[in-house]
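Look at the two complexes coming up: chain A is in both, with chain B in one and chain C in the other.
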Partner chain A sequence: MFRLILRRLAISVAVLWLVSLLVFVATLLLPGDPARAILGQQATPERIAALNEQLGLDAPVWQRYLDWLGGVLTGDLGTSAASQGPVTELLGGRIGASLVLLVGAAVISTAGGLALGTWSALRRGRAVDHTVSGISLVVAALPEFVIGVALIVVLSTTVLPVFPSVTLAPPGEPVWSQPIQLVLPILTLTLVVTPYITRMMRATMSEVLDSGYIEMARLKGLPERVVITRHAVPHAIGPVAQVVAIQLAWLAGGVVVVEFLFRYPGIGQALIDAVNNRDVAVVQAITLLIAGVYIVVNLIADIVGIMTNPKLRAEVSR
Partner chain B sequence: MTATTTRPTLLRRALALPQAKIGLALTTVVVAVALLGPWVGPWLTGHDTTGFAGKPFQSGGIAGTDGLGRDVLTRFLAGGLTLLIYAVLATALGLVLGAALGMVAGYSGGRLDSLIMRGSDVLLSFPQLVFALLAIAMIGPEGWLLVLVIGITHAPRVARVARQSTVAVKDADFIRAARMYALPRRRILLREVLPNITGPLMVELGLRLTYSIGYVASLSFLGLGIQPPTADWGLMINENRIALVVEPWGVLLPVLAIAVLTVGTNLITDSLASAAARSSDATTSHTAKEASA
Partner chain C sequence: MTAPTTVAHTLVARDLRVDTVTGQPVLNGVSYEIAPGEVLALVGESGSGKTTAGLAALGHFRRGLVHSGGDVSVQPGGAAPVSVLAAGERERRSLRGSTVAYIPQDPAASLNPALRIGRQICEVLETHGYGASAAERSARVVEVLAEVGLPADESYRRRYPHELSGGQQQRVGIAMAFACRPSVVVLDEPTTGLDVTTQTLVLRTVATLTAEHDTAALYITHDLAVVATIAHRVAVLRRGEVVECGSTEEVLRAPSHAYTLELVTAVPHLDGTGAAAPSASGAHVVESVSDGRHAAERHDVASGSGSASASNGDRERPPALSVSDLSVSYGDHRVLHDVALEVRAGECLMLLGESGSGKTTLSQCVAGLGRPHAGTVSVSGSPLAASTQRRTAEQLRAVQYVFQSPYSSLNPRKTIAQSVELPLRTLTDLDAAARRERVTETLERVRLDPALADRLPDELSGGQRQRAAIARGLVTTPDVLLCDEVTSALDVSVQATIVDLLCELRRELGMAMLFVTHNIALARHVADRIAVLRGGEVVESGTVDEVLDSPSHEYTRELLANTPRM
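Moving on to the complex of A and B:
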């Protein structure tokens, strides 16, 4: 089992390296001359040459990649073209703010999805089951910003104007100083991923509940609560872990739209600003960061999968 | 020797399901608005999409004006076409590319398989929207780039499904027979394998179309997709949300249209997945249950 996990770990590191290569190569797509893009059309050739040298753009491509990768590994993410400050400084406080959203939504949607899925599976074919399936089918189809705007319409402006539709905290103040402003962003992200977790949990639990060992446990006379919590749920968790991970990784992308919608001072908002400003170093740093989170979450899911289900071994070692 | 296609029966079985009928109705309404709106709008309201129709955020006419004094209803009616075209093109690109890569990987096995699937893993390491933003940051918010980048990020997700289904059929008797006749590989893939994996691929088609609509609309909403002054639903939501309380129609109409459209396509997808799962066909998989991020 440890060899399997090590192997999986090695694959993740390799993928992460390839991702870094891709993020770097993307910058080569920048049309024309980055120095000219920064300095504008009126720049003199001397200034462009000087900036190219300052940015290290006169070196060959492979050397620029190695320099950049070395910087990333030692915590130097370069300089933001827009703010002229180091990228790490720009991202420092924002990472925490985004993590608040991600962790909040992850905890609520995982717990909620598992509970709803189990509940549906236990009442298969009844009204509750159909309602849960129907609602999750509808919500699963909606893009993040549609859910967010709908929540703003209902909970911020018209029916029940309780929660703020934008982030209130002034820049510099931590976002959790006014917890009420976290409600709608977290709720939006939660609604985005819960339907998938619910559907997967329902499907897996249905299968488990039909299996011989559950029948056996019931025939033994175990109380239904013990049958569910001790025998059914643990067997369903392994396969569901993968889907939960995919969904939590999805949050890392969904957070971009949600932060933009609620003007929330996280890395997603920073990414949009950086794309608008063509602030390459910041775009590189954030995409790499999000891809990193994505890879790590999936890695954890696979490890959970390997540890909870020996049958998975063959599949993972493909 | 030609394998029987499962497609007509799968479609018919899917369309017999109640959610398919609802989904088809919802989708048809929005698609009709998107296709006819650009021509009906000016005739109906007497305004065009960029012309001045009144003061900013004024409640004249049916749905009032937006922040630049343009007629909201006209812009709403015209705002679905570009979104729809981009989404359909991106889906088609992703499906064709993904199915081709997946079938080749699954059928060939060995090194080519590893190469294609490891390459997919790299693309799968980005949320699709973030990958699109990376590309847009470098090249700019061009229409062709939206289609290209959304299509390319769909491809590895489609490829996984196509590969899995191909592996399931590649040692079936009729394909071994085709190999014994020494038919060229391309012919085997197109004439023998492809007709037998249409079930999962149609589910993918529906799923990817739903996501494509969401991504194009999201990118436009972020200001990085379809660009002003084009009338577009995603863009309109961003342009008009500051006046949500005063003039809600500029936000509500496009939000509703996108919601109804994606719910409609998702219901159709769900019916396809249910029909495929219920069929005894061994090649159909449980695609729709997978979240496919």
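Moving on to the complex of A and C:
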């Protein structure tokens, strides 16, 4: 089993390296000149050349890539062209803020989706099931900014002005110092992700509930609670983990739009600002970070899949 | 066997009625009673409602079924009888697994693949509060595993179901059922899908356990030969009604109901009576109206002396199918080892083997569906390439294949006529009109009503589908027809008609037939010669009489000894 996990890990590292290459090439292709973006249209060619040299932009491409990669590996993400400070410092607090959103939405939507899907599968064909299916289909069809705006309209402005529609905490203070401002962003992300998890869990659970071993478990006289938790859910988790992973990975990207919508000081905001400012080092760092989240989450899903399937576990350890 | 002489009954069903949610009756007033230590066989074909009747004894109805009348009650060990169906959900649950236990048909699907087998057995004990302590319960797990003849050591108990063979899995299922020493066990075709040797072992285990613990057993099956081995009494179920009930001896030797007679005569016998041989009673099962018309002519054809001509046929001509030095390996595992076979035109060779013997691999090699192999396969003297892609249309036409399950071998989106026409389209240059004519002709030949030609497979019964699949194999008038377990997915009575049909077709068309099966009882009905395959090697071959009457190999003798007889 560990050998397979190690192999997956090696593949992940290789993918991450490929991503770094792509990110680097993509930022090269960005239209516009960082030095000119910083200095403005009136800058003289001499000043631009000087800044280019200062930023290391006059070196050959491969050398710039190696320098950057070496920096990434040693924890130095370079210097932000816009703020003139190190990127790590710029992103430090924002990563924490975004993680709060991500983890909050991930925990709520995974737990909620699994529970709702299981509940729905147990009441297959009844009104409850149809309602859950219908609502989740509608919500799944809405893009995150529509959900976000709708929530702002309903819960922040007209109907029930309970939660703030923008982030209130002053810069420098951690976002969780005022938990109320986290509610709407987390709720938006949760609503976007939960329907998929619910639907997948319902489908997988329905299949598992029809299986011979569930019937057998009931015929052994086991209480329904044991039948569900011990015999059914473990089998549904494996396949659902893949969908959960894709959804959580999507969260890492979806956070950009949601942070923009709620003026939330996370990496999504930082990414948008950096793109506007041609702040190449920051764009590279954030893209790599988001790609890293994708890869890690998928790796975890694979491991969960292996752990919940004894057959796979055995084959792997052989 | 004689029924134990006890007055009180442990399990009693009275006028049990079950409907589908749409109101279609599934069980139409089923009544039976079973005494302690007695085995009642509930016999019926697929769709007769026998599983529904069995599960009702545990108060369980599958999705879409509702209890609409009657009752089932159990009387555990002299106590007052308890109604299973009137009991509340909680009480019903406490009966299940402790007083009434269930042994399912397919152990591979019924054991939870993610739980260790020791855990799954112990779970029943915990739920029903068997034993005072965990130590006592695990002692019982060890004991019950030993009772079913499995090793009970720690490492065995920690195995997962996929680490066991089919027979071992079924014995774990039996151990699970007997763990709480139930008063009643319901066995739902527990040996279907097991090899005969394993089947004997499982049957013996069940017989011993029920006798030892005075357990009343409801044994659901479609296999009358198994009934003869294990049951004291038999109830015959047809379309949700018990049409006949009596001692095993009575019902099997002198059936009083016409349907029972049909079932009994359809059972293939090692000595060649029943099934395929047109019996004097004429009790052939007619599975559709279209079959009826042909019944008379079928008898005429079958009584001809077809098979004799095959063996004295032209010895000079190369055999229709010849296989020599055939070896196949999957990785390090050798599936076939220097296999040699010959089948002459008009002759039927039964390739007999249990699961894992390599019999399907062999027929796939002949058909060109297998992996690369060493050795040669030749048809009418000319060697064939290993893969269908490298064979000529003529070579493909000459070898056709009929698969095991007619439920999965016909494309569900194509009509019967389209499926049967396909080989003609790809392998011959007949025009549309000629193809249509040939399809109609072939459908008639397999006694399939031409009106069914434009139906989809879903609209046909299993027997009709298998006829269609045979028509698809025959439409190109092959020299060699490979029949891979063609009857094992079918009911006994349907099996008999299909076996009949294949025998006639072989005589009419003079093709060579390789009949692959695990069921030695069919030998006298279909084959001229037998080759016994074991572990990828032909251990014995000869004419049917030679092999069945004086088997030379130990394994063949074992197979014959383990084949249940009526």
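To be clear about the criterion, the second predicted complex is superposed on the first by the 298 of 318 C-alpha atoms of A that agree within 3 Å, B and C clash if a C-alpha of one lies under 4 Å from a C-alpha of the other, contacts with A are read in each partner's own complex, and residues count from 1 in each chain.
Definition applied: a contact is a pair of C-beta atoms (placed from the backbone, for glycine too) under 8 Å apart; a residue touches a chain by one contact, two chains touch by 3 or more.
Computed from a predicted structure; not experimentally measured.
Participant: Clash or fit: chain B against chain C, after overlaying the two structures on chain A?
Facilitator: With chain A as the common anchor, chain B and chain C both fit in the superposed model.
Participant: Return first, second, both or neither, reflecting whether A:R94 touches chain B, chain C, both chains, or no partner chain.
Facilitator: Neither partner.
Participant: After the superposition on A, what does A:V226 contact: first (chain B), second (chain C), both or neither?
Facilitator: The answer is second: A:V226 touches chain C but not chain B.
Participant: Report the partner of chain A that touches more of its residues: chain B or chain C.
Facilitator: Touching more of chain A: B.
Participant: Please work out whether A:P234 is in contact with chain B alone, chain C alone, both, or neither, and reply first, second, both or neither.
Facilitator: In the superposed model, A:P234 contacts chain C only, not chain B.
Participant: So, A:A217: does it touch chain B (first), chain C (second), both, or neither?
Facilitator: In the superposition, A:A217 contacts chain C only.
Participant: When the two complexes are placed on top of each other via chain A, what is the minimal CA separation of chain B and chain C in Å?
Facilitator: So the smallest C-alpha to C-alpha spacing between these two chains is 6 Å.
Participant: Taking the two structures together, which residues of chain A meet both chain B and chain C?
Facilitator: Common to the two interfaces on chain A: nothing.
Participant: Which part of chain C faces chain A closely enough to touch in the complex?
Facilitator: Counting only chain C, the residues touching chain A are 55, 58, 60, 62-63, 93-98, 101-102, 104, 106, 109-115, 123-124, 127-128, 160, 162-163, 176.
Participant: Applying the document's contact rule, which stretches of chain A touch chain B when the two form their complex?
Facilitator: The touching residues are 11, 15-16, 18-19, 22-23, 26-27, 29-31, 137-138, 140-146, 149-150, 152-153, 157-158, 165, 196, 199-200, 203, 243, 246-247, 249-250, 252-254, 256-257, 260-261, 271-272, 274-276, 278, 280, 283, 286-287, 290-291, 294-295.
Participant: Can you tell me which positions in chain B touch chain A when the two form their complex?
Facilitator: 19, 118, 121-122, 125-131, 133-140, 210, 213-215, 217-218, 221-224, 234, 237, 241, 244-245, 248, 251-252, 255, 258-259, 262-263, 265-267, 270, 286, 289-293
Participant: Under the definition above, what is the set of chain A residues touching chain C in their complex?
Facilitator: 210-213, 215-223, 226, 230-231, 234-235, 308-311, 314
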